[in-house]
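Below, each structure is written out as structure tokens.
What follows is a pair of complexes built around subunit A, which joins subunit B in one and subunit C in the other.
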Partner chain A sequence: MIGLFDVGGRGLLIAIVGLGVAALLAAAWLVPAVMRALPVRMQPQASTLARLGAGATVWGVSAMAWIVLGGGRSSVSKIVTTLYYVTNGIVALAALFGILYLIASLFPEPFREWFRTAAFLLPAVLLLFGLVVPAILNVSDSFYDRNDEWYGFGNYVDIFTKDANIKVFSNTLWWGIIVTIASTVMGITIARFADRMRGEAVAKAAIFLPTAISMVGAGVIWNFVYSPREYGLLNSILPGDPEFFLQDSSLFGITSPWLPGKNTLFIMIVVIWIQAGFSTVVISAALKGVPDDLVEAAKIDGATDRQAFYKVVLPYIKSTIITVATTTVLAVLKIFDIIQTMGKGGSFGTSTIANEMYEQGFPQDNEGLGAAWAVMLFLLVLPIVFVNSRNQRAQREGR
Partner chain B sequence: MVNLQKRYPNGFEAVPGLDLHINDGEFLVLVGPSGCGKSTVLRMVAGLEDISDGDMLIDDVRVNEMGPQQRDIAMVFQSYALYPNMTVAENIAFAMKLRKIDKETISAKVAEVAELLELTAVLDRKPGQLSGGQRQRVAMGRAIVRQPKLFLMDEPLSNLDAKLRVQTRAEISKLQRRLGVTTMYVTHDQVEAMTMGDRVAVLRRGILMQCASPAELYDTPDNLFVAQFIGSPSMNVVTGTVAEAANGGISLAVAGQTINLSGEAAQRLAGLGGRTGSPIAVGIRPEALGGDGDQHLDVSVDLVEMLGSELLVHATVAAPSVRSTDDGVEIGGGSESTIIAKLDPRHRVKAGDRLSLSVDTLRLHAFDMETGAAIGRA
Partner chain C sequence: MADKTPMGTRVAGATTGPVGRVIVWFLAALWTVPTLGLFISSFRPEDDIKTDGWWNWFKNPARVTWDNYSGVLDNKVNGLQFSEFFWNSVRIAIPSAIIPIVIAAFAAYALSWMHFRGRDWLFVVIVGLMVVPLQMTLIPLLQFFGGDYFPDALEGVTTIWIAHAIFGMPLAIFLLRNFIAGLPGEIIEAARVDGASHLTIFTRLVLPLSVPAIASLGIFQFLWVWNDLLVAKVFGGGATNQPMTFAMVDMVGNKGNEWQLLTAGAFVMMVVPLIVFLSLQRYFVRGLLAGSVKG
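Let's look at the complex of A and B:
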């Protein structure tokens, strides 16, 4: 067995690491001496170079250590390998930036700043390119049908004429409206009443906890709650025959493509449970930022606690509430994973746009319709991003 | 206010018991060093702070249990506490809006107050777009528009620059006299207290040291604390001993020199009569030195400050200084101390000179060494 437990390997490992440390120590002693000898103008570049050199040494030592440890073959080195690839990524990116920065630094003054900016923007621009091109391709895809034949606006017409599709669209809107309003209002209410209460930190931690759970995990937990089988929590509390909570796509007997089913409402409760924690924590922080004397001034002006809260405190934290609400809307409009786990991939009329985008695009093999749904999602998100950025600009400019 | 007390849950007594009566239409200033409980008192009056014990009366009605909403008071905060989301007009109108007063009355009153405070041009702006002085005036406007029973102000000038502060100080005084609203004003600045108040209440650690008109506080302080707190430069206080003068009058031994009190001066300090031989604290204001006095004190000059209208002479005397502290009276270390005399600028004095300062015995103060209480007529 080659690796950590091999005596020869271990000796080699110690030697390599020892050499690396010795090299770094030598550099620590040598570099300042060299630096002093250099003209002042060169020193910043030299110092960057020295840092890069030290980084490269550490990287080289770890690379050799990795080989000695078995190069990803031994079971111990599996963890090391993973860590190694992660570090490699970081080091490579840092090296890329370092080299670009160094090159940019070589230009004379009027251009240096410009080139430095360009050097740091380049990767972002490249990534943006990787985002914009597929987006444009996606729009063109949405004009084709399931057999890759030109379909014009057919997919879009289908979305607004076929009941099943209207249901998907209206579901998404209801998700955006109900979950956002409910979790924001809950956040405001809980934050207000928990504020300065004894045990506030514990209460807020308990409320925030679900936010840390993944949607899939939450879906699994709540599937147990809603289950019609003997372990279903809700059914064992409620009297009568077990109910199929997640399969009732009507709203108290009314079935309409424009109304969400009862099952959708039950899934929404889970997401409200998750999102309310986030809203509470953010709004609670904002409440702490409201100056005390503002509330006191309102009381002296004759306001009751309620009036002081609604007329002075809420307007004061308005932009935080907008941020919370827009963040929630954006998260909810893209809702996908919980539909997969709790709505059985959008069965029983629980599907949403993001879910349908995937279902049509891949399992159903109707790429055109999937692409059209993606465009719809983009159009829905656009105004919210606009509201959000305007709110942030207003925040920056001060009240 | 009768025996107003404030105890914090941790047992700290911010205000151990305060009796204070404010007359109708009076401008009362609460002054004291920071942490003396003056703001706490004001907040108890406002209803923002619970009253631990005692009674708080407004127009003979006990208001202890009333919230700030029911007390019919208005307050100007140090930070102004303007509502940032409302315009100036809405800020001023807020209290009236809450009382469901009809719109015409509100806008008429807002216009009237804006006129008075020169805010008409900025009525539609938000507080964030105003200068410090304008914000201060909006805060005033918000308070006066209500015509409350009592007007409370918590250091309303401390956020203004020095020049604006002096100007606004005068404006607030004028406004208060014009409106005739009973006002309670908190400040740590003794100049503000002296210039604005009809009466000034000096507080130390929640205890009322003296409440009197500015002139009375200055001329006849009840105790060493008030004597040294009011006035700038503050009163010179050094140790001294009471001795019986040859003619049966009283004399004071200060720094190895004798100051004889006769006539009215002796009557003013007749209380010293029974204290022959005992140490006391002798106080004299800078301007009572080097003017037309009948007695003299020899000093050596350390430093001369020429201020144009007056000459401040820092000089050494051979007696330790006496200072009022939180616990009572403290005697300074060493056998000598520095006193300050305010002389006419035509005097030719320079550092290093020996100088014989005249002492106006009519303006001499004496204090008990233990309690710091003033020793008066008898």
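Let's look at the complex of A and C:
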């Protein structure tokens, strides 16, 4: 495989890595020897120092390798550059916390503890400002138009009055409804029938596999199902002329901004394919937690398998099902990548809010409308999270 | 591969009837077909892929080739070799998985075992931030990263790391706090009484005990970052810093007819998450359960 493994300056790299390994081996022998010689009281400090030394060595070696070989076109140089980036990131992280903690330790006692707590929290809180501040700024951005002129609620009015925008909004709602219900029901069905079946693990692994595949990859995979060309599986099965499944924006001939197109439905199938594995595994685990006696008791009372499942098992795992559905709906309402690949960036009436937000904010350079779409997404997600957290709290208190 | 607990096998009283078994195997087969099609296609010669369904390969299984793989790795996307994007993905994904988890672990420790005023209140706010869709923050964050207050030297891959760290923070703190707060308090109190500092307790006690939670969260975050397109596309700047997902989308757009390249490219892109996922599946499932299936 040519690109990944071709050679360039390999000798130098081996020399540098060899030096690094030698240094680490020497340290591995030297450090315990020194430690044993030290008084017990100093050993914790010494071992911390040794760890720091080991980290510094790894970083130094990768930096040296990078200086000699980095930035080039050969594979070795790419690997070295990658290693250098990764170690740099980790060293910077360790240094950040080390320095913060040291600074906090410089303060006299009544404040020291307080500053040390702050040192633990500060990086996280700073990063969270990266969510809070932009979210607030975003709301104010949404009141400006394409030319950065004040537009009031104009963007929101546009969202609810222009047919193309209503289509985006209703598409997103349909995504949330159809995909969430379908993948949760799939999860329940598979988890139920696969439970205690021979080959259960294999069947569930097959269902779960697509979860690890990116939406972009899924777009390529499903082209071999939906393509109108000779290699499209679905067209080869269905009779009649080849169909362009991903371009038909009507629903069996009806075109309405409030209905999803047939193409949207076909893209949804792909996401159900990706999401079902998650629901299956989580629901399946919950099923294993249902006490056997409960089901036995229902059966002794004369319930059939089916009745026992619907009347006893399902209510028992209700909170898990709600969690699965919530997680899925939150993910699906933000659907983006697959619209970019399979929907060609939202053409043929396939756009969703997250996609539109990107298309308006970046390629179309209408940041105000993009920001307004982002606010709409927030408003859609808010009640779901709110209801869910209230449910969970009620459940915890009810126990 | 099978994990005892979630994939478990309770021997007593098998309840799956023949109908149920047929349903499960049918669905399992149906779920596998698309990926199988890609896998087979990626080894077929260009002409076969373009003019013939992959299912016809079974008629003539000798017609296989590596050309698609060498072709895609040598293929230029925006003037860069496809393999460069592979390494970009590695550069982006590993630190983007490690950084937010380490930072969140420190915060989670502080929120569980350090005493300060407003602790619970702070935790509630952090959990509440899970509601903010990352799309909402893209434009302002981009303006900040491109602005005067952000060092230019950090633009590029580092910006993607920081962006992923920001977006991963609320969920990471939430899950890790739930785990770390559940650790036995006696151990930590005992260490405090012995005069251990918080840093010592955190690095020597809490981190080793939290490995299951950290591992599952790490896998989750890694898969998410590796498969991400949006964040990299918005924050990465030029093509030089973009991951494989970007290269694939570009190829779909510009080389829509070169399916021999796309099949192999998609498979190269899938290999890393599949290896990570299959080898660490156990942690993944356990970690998901820690967050959701508590009852």
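One rule holds for everything that comes next: the second predicted complex is superposed on the first by the 288 of 399 C-alpha atoms of A that agree within 3 Å, B and C clash if a C-alpha of one lies under 4 Å from a C-alpha of the other, contacts with A are read in each partner's own complex, and residues count from 1 in each chain.
Convention: a residue touches a chain if its C-beta (ideal position, glycine included) is under 8 Å from a C-beta of that chain, and two chains touch if they have at least 3 such contacts.
Keep in mind it's a predicted model, so treat the numbers as computed, not measured.
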{"item": "Fit or clash between subunit C and subunit B when superposed on subunit A", "value": "fit"}
{"item": "Which superposed partner A:A371 touches (first subunit B, second subunit C, both, neither)", "value": "second"}
{"item": "Partner chain(s) touched by A:P134 [first = subunit B, second = subunit C, both, neither]", "value": "second"}
{"item": "Touching partner for A:V157 - first (subunit B), second (subunit C), both, neither", "value": "neither"}
{"item": "Contacts of A:A56 with subunit B and subunit C, given as first, second, both or neither", "value": "neither"}
{"item": "Greater residue coverage of subunit A in the superposed arrangement, subunit B or subunit C", "value": "C"}
{"item": "Touching partner for A:I99 - first (subunit B), second (subunit C), both, neither", "value": "neither"}
{"item": "First, second, both or neither for A:A194, with subunit B first and subunit C second", "value": "second"}
{"item": "Touched partner set for A:L294, first subunit B, second subunit C, both or neither", "value": "first"}
{"item": "First, second, both or neither for A:A394, with subunit B first and subunit C second", "value": "neither"}
{"item": "Closest Cα approach, subunit C to subunit B, once both complexes are overlaid on chain A (Å)", "value": "8"}
{"item": "Subunit B/subunit C common contact set on subunit A", "value": "399"}
{"item": "Subunit B residues within the subunit A interface of the complex", "value": "46-48, 67-69, 73-75, 77-79, 81-86, 94-95, 98-99, 126, 128, 142, 146"}
{"item": "For the subunit A and subunit C complex, residues of the former touching the latter", "value": "1-4, 44, 73, 75, 78-79, 81-82, 85-86, 89-90, 93, 97, 101, 114, 116-117, 120-121, 123-125, 127-128, 130-135, 137-138, 141, 186, 189-190, 192-197, 199-207, 209-217, 219-225, 229-233, 236, 273, 276-278, 281-282, 284-286, 288-289, 292, 305, 319-320, 323-324, 327, 333-334, 336-337, 340-341, 353-354, 357-358, 361-362, 367, 370-371, 373-375, 377-378, 381-382, 385, 395, 399"}
{"item": "Subunit B-facing residues of subunit A, complex", "value": "291, 293-294, 296-304, 307, 311-312, 315-316, 318, 398-399"}
{"item": "Footprint of subunit A on subunit C - complex, ascending", "value": "1-2, 5-10, 12-17, 20-21, 23-25, 27-29, 31-35, 37-38, 41, 49-55, 69-70, 73-74, 81-84, 86-87, 90-91, 94-95, 98-100, 102-104, 106-107, 109-111, 114, 116, 122, 126, 129-141, 144, 157-158, 161-163, 165-167, 169-170, 173, 197-200, 202, 223, 226-230, 234, 245, 248-249, 252, 259, 262-263, 265-266, 269-270, 273-274, 276-277, 281, 285, 288-289, 292-293, 295"}
